[in-house]
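What follows is chain A paired twice: with chain B in the first complex and chain C in the second.
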Partner chain A sequence: MLAKYLFIILCLIPGLGIILALIGFVTYIVIMQSIGLNNLFGEDEFTIKFWDKIFARKSYNRSVRYSLYIGTFSTIFSILIAYPIALWLRKPFRGSLFISSILKAPLLVHGLVAAFLFLNVIEYHGLVNQLLQYLNFTDQPIRMRNDRNAFGVLFLQTWKNMPFALLLLAGALQSISDDTLDAARDLGASLYRRFIDIIIPLTISAMTAAAIIIFIGAFADFTFQKIAGPRNTFSLSQLMVEYRGRGKWNEAATVGVTLIVLSFFGAVLVAFIINKLFKYPGWLSPVKMKNIKSIITRQK
Partner chain B sequence: MSILKVKNLFKSYGKIEVLKNFSLDIDSTEFVSLLGPSGCGKTTVLKIISGFISPDKGTVFIEDIDVSNTPPEKRNTAMCFQSYALFPHLTVEDNIKFGLYEKKIPKNKSKDLFEEAIEHLSLSQELGKYPNELSGGQQQRVALGRALVTRPKIILFDEPLSNLDAILRGTVRNEIKRIQSEFKLTAIYVTHDQSEALSISDRVLLMKEGEINQIDTPEKIYDNPISYFSASFVGISNIHHFKNPKKLENNFIEVDTNVGKLKLFYKNNLTDKNIYVSWRPEKAEVGEQRENTLFGRIKSIAFQGAFTELEVAIKNIKIKIITQKRGFKINEEIKFGIKPENLLVLEQS
Partner chain C sequence: MIAKSLHRILFISMIIIGVIWIVVPFIMAILWSLVDPAEPWTVDLVTPPVMSFYRWTYMWESSNLKDALFNSYLLAPTVSIITLIFSIPTAYVFGRYNFVGKEIAKLLCLLPLVTPYFVLSVFLTATIISFGLSEYRVAAIVLAHAVMFLPYAIRIMTVGFEQVSQEHIDAARDLSATTFSRWRVAYFPALRPAFFASILIVFIQSIEEFAVAFILGSPTFVTIPTLLFSTMGQDFVRPNAAVLSLILVVPNVVLMLFLEKLLRTANPAMISGKGLK
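Here is the complex of A and B:
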């Protein structure tokens, strides 16, 4: 038994082992540097002054809020858009394969390229403005680039991540058999109840996986932010690069640790919320609502 | 009392006519099997009754109410799927309670219904398990419990035993029958296994290419098949084409067949469609001298314990005989007789 496990572990070391070692090493270095140890330059000395300083910075707090905002809404939009499309593509029909391939194209386009394409479209003299002017919606071109609310970044994040969510959700939805849905219907479940009580709970793991990965990716966004994001706010990764550029390695490390910690807790929170909302009978399920209602009425 | 009436159903997919003027009338608490070869339209009938498919023409009445425009979720029928179709994300308990929730049955009543179902199906040990932790037979019981817990007017089975092994099939079959009579359910049971149909049904509906071929009690279907199809599909029959029927006295007729002249008893008038005569292998009386005495050579012998199966050739025509007698030899010539009343006249279809 022990020999078997040892064998498996030895087999995993060249691949997974190296990945884990590198992640562990980087995480270790970043954490140490954020408390003044393992410095690249100068003396090592344990201190929390970098954390003190960074927490007091307005720009840092704004970056945290901003990155959480981008991460959360990119995740929500990607899944909200992918889900109906996945439902629509559940049953194959003429041309469905073609449509789903086209929809997955953004997965292959590099973020940088996508961002520049996008800029060309929404630029002061870009396609959208020209069209709006042509249609007499506006006399003056509208400034859409680097907008304050980062709608451009959200758009790009959603555009890039929706296909990924679609990939996972479509797989999960296609594995639900027609018999299962027919059985639910036969037992009296309306379309809404079949959706809430069968379809959604059976796609929870796919949804959670998609949400966590999209959240972490969008939360740590650098490229889209740098090109299309608002000029007055930095995302956390941008802030980290900014500090490093000025040679402030310890401050950069604190931002790095912030990214790691918030990614982790964000992912846990995302998984928790999705499970609470959608696992049968979820908060949205009438079964649950009835229970909640009966608890409330009993207490009164 | 009639609980289900199906009238003149027609259904086609493109050019394929799946159902042709299919009608059916079922009484309350009756157990009716739909027996027929693959592709004859059995599942289509069930899906029309449960509402998943709408027919091109025809009507479905449940308790004399036309339900043609009622969606499946509002029809008082329950389906047991061949694949069981249990909800993989729900425990046995939630699977069974699903219908009670969805049909909004009041709490105290649904508690009784649930407990009764659990008790009858002996599932109390498995309530917390998920479907993938159950054996095939247990899954089948959960599917049954889920379907009958809301006390549907009609329960529909689509080949419920086809995923079970031979031994379990017998047990679960008897269980279905027991539960059906305990709960006084009206059941329609689709199968292509004739022994299944014969053993548990009050009536067997024999289907061929979207039409009813014969509908009768299991005994009548076996003893009095009316067509070539029913004689050959249910049980084993020796069937001979006949010519030149001659009327004799007292409702006897004599016909020419490829195994010789046969005398048979037939009360009705022969029509153009009556062109076959058949008899069951066990009706041959080996060694006896009767009206219809035939001679043949034994080509194969299969001893089965309680009886022996013989394949006998009469002038190159192979026939089957089942007898309790023993001690046969290959290529031995034997003599056997068939009573005229055991020879049946069949229709062509």
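Here is the complex of A and C:
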């Protein structure tokens, strides 16, 4: 038995061991540098002055709000668009594979290439401006790049992440057996009830996995923001790289800790909200937990 | 009847959206990569007035494209092989053993997927500087890539190990096969699709990776994504960026299609243990 566990531990070291060592070590360095320890230059001294300084900065607070805004709305848009399409494509029909392939194609496109393609469409000399001028809606090209509300970034995030959500949700929806849905229909469940009480609860895991990965990716975005985002606001990743570029490693570390902590709590919150909203019987379900409990008590 | 009409409307809408979604932007990219500098593509023209491969030859001869291609296509296979080697023992115990804490261990393997890549890159750089290992940046990039993409390799190899037929292993053992022979006849044939899938996925991820190569590698170590990023900054020359975009995306699409074909044609007989010759 001991030999077996020793063997298992030895086998885990090259894979899991390396992951834990590197991620753990980097996390340790970020946390330490944010409180003045493990400094690259100068003396080590425990202090919270970097946190005081960063909390007082408007740019930091703006970046936190901005990154949360991008993370949250990218997740919502990606899932909201992907879910009905996945539902529609659940049962194969003529041409469904083609549509599915086209919609999932952005998965193969690098984020930077996606940003470039997007610029091609919205730049001064982009397709949209050409069309607007051709239709005489405007004489001059309209500036659409780096818009203040970051609609461009949200569009790019959705463009890149929706196919990922579609991939996970389509798999989960296709695995729901027709027998389950037929049984519910035979028992008098309406279309709404079948959707809310059966389909959605059976796809919660896929939805949660997709939402968490999309949220963290969009929340910690750098490239889309740098290329298409507003000029007057930085994302947290951008702010961290900016501080690092100026040699302010401790300030960069405080932003790094913020990214890690908010990514973690954001992911937990996303999972909690999805679970609360959609598990059976969720907030949207006409059936309430107390009704189920009373039925069980009556049966007893 | 209404459902049928709705289905048809949705189908046509999806085709139109799909074309706008992916086909039009790529046609634009191809056209921009062919714009000849002698005759600029002005707003009033639907297509470039003169098309040539000038930008392609210019990028090949005058930019860091050669270095970027060399670095990217040297880095990716190296990372793929290292990641595969690291993943095999862990995937083996995940796929073939039951032990306390297995699910937690599997979950912990996903840590790199939920760690913001820029935090990892910036503070790995800090660590390298603090240890005075700045000249080993390329090795650090390889290590960081390997760790970042280990979850994919471990997952794929775990499924591969789970699908190795116990009947084949037992049969080989009953015929007095040595450990090496058992691996050769029972494990390797069933694991081959997982090997290729793992190598390809990590290869594609590594070619595309930007954060680590940008933070750890710049300015001396250039890859295709970091070169593309630099052309999209303040000196945005669209035809040059179009050339780099196509160079980055086309091989990956071909590799992905190859991967899908590979996974579809994975030998079901070997995996299920039925019909083995």
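Please note the rule applied: the second predicted complex is superposed on the first by the 282 of 300 C-alpha atoms of A that agree within 3 Å, B and C clash if a C-alpha of one lies under 4 Å from a C-alpha of the other, contacts with A are read in each partner's own complex, and residues count from 1 in each chain.
Here, a residue touches a chain if its C-beta (ideal position, glycine included) is under 8 Å from a C-beta of that chain, and two chains touch if they have at least 3 such contacts.
Quick caveat: nothing in here was measured; it's all calculated off a predicted structure.
Chemist: Following superposition onto chain A, is the placement of chain B relative to chain C best described as a clash or a fit?
Modeler: Once both complexes are aligned on chain A, chain B and chain C fit side by side.
Chemist: Going by the contact rule set out at the top, does A:87 touch chain B (first), chain C (second), both, or neither?
Modeler: Touch partners of A:87: none, neither chain B nor chain C.
Chemist: Have a look at where A:19 lands relative to chain B and chain C in the superposition and call it first, second, both or neither.
Modeler: second
Chemist: For A:259, using the defined touch cut-off, is the partner it touches chain B, chain C, both, or neither? Pick first, second, both or neither.
Modeler: After superposing on A, A:259 lies in contact with chain C but is clear of chain B.
Chemist: More residues of chain A in touch with chain C or with chain B?
Modeler: Of chain B and chain C, the partner in contact with more residues of chain A is C.
Chemist: Given the touch rule stated above, what does A:202 touch, chain B (first), chain C (second), both, or neither?
Modeler: Only chain B is touched by A:202; chain C is not.
Chemist: If we overlay the two complexes on their shared chain A, which of chain B and chain C does A:193 touch? Say first, second, both or neither.
Modeler: Only chain B is touched by A:193; chain C is not.
Chemist: Tell me the contact category for A:177 with respect to chain B and chain C: first, second, both or neither.
Modeler: A:177 contacts chain B only, not chain C.
Chemist: In the superposition described above, what is the shortest C-alpha distance between chain B and chain C in Å? Please give a whole number.
Modeler: Minimum C-alpha separation, chain B to chain C, in the superposed model is 14 Å.
Chemist: Report, in rising order, the residues of chain A that make contact with chain B in one complex and with chain C in the other.
Modeler: In chain A, nothing is touched by chain B and also by chain C.
Chemist: Within the complex, which stretch of chain B touches chain A?
Modeler: On the chain B side, the touching residues are 50, 52, 71-74, 77-79, 81-83, 85-90, 94, 98-99, 101-103, 146-147, 150.
Chemist: Please output the residues of chain A touching chain B within their complex, sorted ascending.
Modeler: 177, 179-180, 182-190, 193, 197-198, 201-202, 279-280, 286-287
Chemist: Across the complex, what residues on chain A touch chain C?
Modeler: Its residues touching chain C are 4-5, 7-8, 10-16, 18-20, 22-23, 25-27, 29-30, 33, 38, 40, 85, 88, 93, 95, 99, 102-103, 105-106, 108-113, 115-121, 123-125, 127, 129-130, 133, 141, 159, 212-213, 216, 219-220, 222-223, 226-227, 237, 240-241, 244, 249, 252-253, 256, 259-260, 263-264, 267.
Chemist: Within their complex, state which residues of chain C touch chain A.
Modeler: Contact set of chain C toward chain A: 7, 10-11, 14-15, 18-19, 21-22, 24-26, 28-29, 32, 41-43, 46, 85-93, 97, 99, 105, 108-109, 111-120, 122-127, 129-130, 143-144, 146-147, 150-151, 154, 208, 210-211, 215, 225, 228-229, 232, 236, 238, 241-242, 245, 248-249, 252-253, 256.
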